[in-house]
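Starting off with a structure, shown below.
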Amino acid sequence: MKNIFFQNKGPFKLSEILNTLNINDKKNFTDHQINDVKDLISAQNNDLTFFHSKKYEKIANDTKASFCVTTANLKHKLPNTCLPIIVKNVLVSIAQITSKFYPNSINDNFDNTVKNISETKFKDNVTFGKNVLVGENVSIGSNCFIGHNTIIEKNVIIGHSCSIGSNVIIRNTFIKNNVNILDSCVIGKHGFGFFPNKIKNLRYPHIGIVIIEDNCEVGCGSTIDRGSMSNTIIGKNSFLDNQIHIAHNVRIGENTIIAGQVGIAGSSIIGDNVKIGGQAGISGHLKIGSNVEIGGGSGVIKDIPDNSKVMGYPAKNIRDFLRKIK
Amino acid sequence: MKNIFFQNKGPFKLSEILNTLNINDKKNFTDHQINDVKDLISAQNNDLTFFHSKKYEKIANDTKASFCVTTANLKHKLPNTCLPIIVKNVLVSIAQITSKFYPNSINDNFDNTVKNISETKFKDNVTFGKNVLVGENVSIGSNCFIGHNTIIEKNVIIGHSCSIGSNVIIRNTFIKNNVNILDSCVIGKHGFGFFPNKIKNLRYPHIGIVIIEDNCEVGCGSTIDRGSMSNTIIGKNSFLDNQIHIAHNVRIGENTIIAGQVGIAGSSIIGDNVKIGGQAGISGHLKIGSNVEIGGGSGVIKDIPDNSKVMGYPAKNIRDFLRKIK
Amino acid sequence: MKNIFFQNKGPFKLSEILNTLNINDKKNFTDHQINDVKDLISAQNNDLTFFHSKKYEKIANDTKASFCVTTANLKHKLPNTCLPIIVKNVLVSIAQITSKFYPNSINDNFDNTVKNISETKFKDNVTFGKNVLVGENVSIGSNCFIGHNTIIEKNVIIGHSCSIGSNVIIRNTFIKNNVNILDSCVIGKHGFGFFPNKIKNLRYPHIGIVIIEDNCEVGCGSTIDRGSMSNTIIGKNSFLDNQIHIAHNVRIGENTIIAGQVGIAGSSIIGDNVKIGGQAGISGHLKIGSNVEIGGGSGVIKDIPDNSKVMGYPAKNIRDFLRKIK
């Protein structure tokens, strides 16, 4: 899928990419064109991908990418159709390359292209409050409400029958139909992804977006960050309470219910029909199955299989946890 | 007490109510008028109430309501003066009936009746910032301050000598005197109450309001949801720090002190002179006594008697908890 | 250092100060001038300080203050050059004196001196959004961005190359260079410091400010309170994620990374190169060393030495904590 919001400045020649990485010895490389930079799964022929941890060995082996930034240790896991580009720090290198393809994805200064909604084409088909601002590359479906002081920055698609509250800020986000976004949410900001550096931390480009599927609700004061290489997704008919934080690359399934002040760290995947109690926290890069119940206040630090009920910190079988009360 | 903010579209005939519930066999019912729908305690003669859990057996037995939506198992606990209406799912049925009496209580779209405060009667007796909006059915006492970009939606009463910060949103709320509401709070939104449904969750009507008594303070970025059938109440001279979430139907006593990022789940009752440390969480439907101290970070999942000091997750006697540190 | 934001109404005569404290027996006091009220470390000759806990015995012994509000039990720890003023409740007394020197530090009503930035000297050298408000005593460096609806209240210094998001509120804050403040933050409000009182809690004056050093980032919806007698400080190149709460007087070192929804209670000191996982909480008045790692969800309730890795509630050595998972 083409990136719908961030403009790809490519293709670039392989030699240019190698220059960006300060790789001078180009004798093993023929000078191909590279169309795009993508993750191992979505990359296609003539795309470049990256592979930095054994954890992704299986999907690396199946990648369709033509080029892959990786380490000497990992390169053997790639298929023959994929040419390894060996670097010391895969993530720093891929950040440099991504910045080259998508230079507009790093800087999250406020959008100064916005106009008052009353000066736009939306003035007749949206019910809107005072001081509503709308940026470029925005579409809004029929029967939508947008509250006072809300800012729809550039790169936003809103379906039909949505209700956006007041004091909301949205950017780089695809909201489908019948969705309610309550007051004071901030949606689509870059994630908390960067490379620590003693002088000035180096921000990681975030070319992913936020996708909120049909019939969802997001409570007041919640924040949902957009993805870095992949998207942050809230599945159909999932309801989030107030003051929830959803980090970059998180994927939440359908019919999931998340109570107030829950936080989900980067890249975790939550199944369908999951219930998460208030103030629970889920660490990054975890897989929570479907039909899982997580008790309020839990701290989940490992994967949870389907149909489990857990509670505690670290979260474990709920019966073991509740035994403590007696 | 009459509902001061949500207009009652009743009375309705009992037969109409039975139709709403798809009860066709009306032979046991004479066709009375029903004035209002209320909880077991506040319902009066000719009102309809509901009774869905053994937990409320005692108060069900004392109800003054003339009609009660309940189950076949529970109906025997009602007094003779109260006619049971038997349904499969009490809460879904009462939501349907409440929606009939109070159709304006379900939809929380932004209030598009607001005007700039400088165009209202408040322009001369309130000290206000830029871009302050005020809706219908609002009253504001003397010597009040309302900060920039703040939205007082419809159905708000503010007493005298109150200071409301900037970027605040308030609706369906009764704020008494000498109250400070700090920046970026959202007060009076409907609670996180709904019936899960695989296609589209069914929102529960919230006809309760938020009441904030004299001398309270609510910190920046806090959210206080209004009640469903009863009210959410913050007692006199209670102080809440930043980023606190108070769910629907919670009642907090007087002189209570709540530190930052605390969350209190729906329908819990907190006594007087309670101290709650930062990030503590209190599960729903609990009773926390007076003079209780709850340590920072605690997860309270059962009732706490008066004069206790607790800490931990699950919260227990603080001495037992602190023993762990050594 | 002179207080850069709160105007000192002093000097006052010692006799006036004693009157404020209702100390009628002045026979042991010559009537000196008192220039300022400061903490034990920063007070100089002719300043007044306070000493209320044995914990501060060592620094009390070295104070350069000429006068010190303290108790009969503690006065012996002061040097001969410092005259003790004995009171029952040191903190209430110092609050009364501070209110006398700095009457503008108590009330945090919204700033009604602000103007639209387009009517100020900043209109030509700042890139700003719609409806940006700026108060008195503000300076903003070159190459800065200020987003829509953001309010820079009085007493704010912003360095060069800073990016302030939308819906942000800042007051009493010194932001240095290359700092990013993301959307919906509230920075510089008074802390949650007051003296509980059954009728109406007595607010403590907050004459400290917030200082955010070069290259920092503060995530969306975060709150950073200003200090009471000292300052709240975020050290160079420290990055804070979304929905973080930093209480008054907290000092955070350099290159520290704090994930989402973390809360740090009043007066705690965090070292350099510290990593704090999501939703962790740190109690007040603690000292966290440098190069410390605190796992997500931890509740830290005692000091942590340099180079430690801790996790859990209460937080302990991370290996002990992780053993629980198996």
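A few remarks follow.
A, B and C are the chain letters, set down in written order, and residue numbers restart from 1 in every chain.
The rule we apply is simple: a residue touches a chain if its C-beta (ideal position, glycine included) is under 8 Å from a C-beta of that chain, and two chains touch if they have at least 3 such contacts.
Computed from a predicted model, the values in this text were never measured in an experiment.
Taking shared numbers over all numbers used, the chain A to chain B interface scores under half, which places it in the different class. Rotation angle for the C-alpha superposition of chain A on chain C: 120 degrees, rounded in steps of 5.
One simple way to say how far apart two chains are is to compare their mean CA positions; for chain A and chain B this gives 34 Å. Of all residues in chain A, those touching 2 or more other chains are 131, 149, 167, 184, 221, 243, 261, 279, 313, listed in ascending order.
Interface of chain B with chain A (complex): residues 107-110, 112, 114, 116, 131, 133, 149, 151, 167, 169, 184, 186, 189, 192, 194, 196-201, 221, 223, 225, 243, 245, 247, 261, 263, 265, 279, 281, 283, 299, 301-302, 313-314, 316. Within the complex formed with chain A, the chain C residues making contact are 127, 129-131, 145-149, 163, 165-167, 178, 180, 182-184, 215, 217, 219-221, 237, 239, 241-243, 255, 257, 259-261, 277-279, 295-297, 312-313, 321, 324-325.
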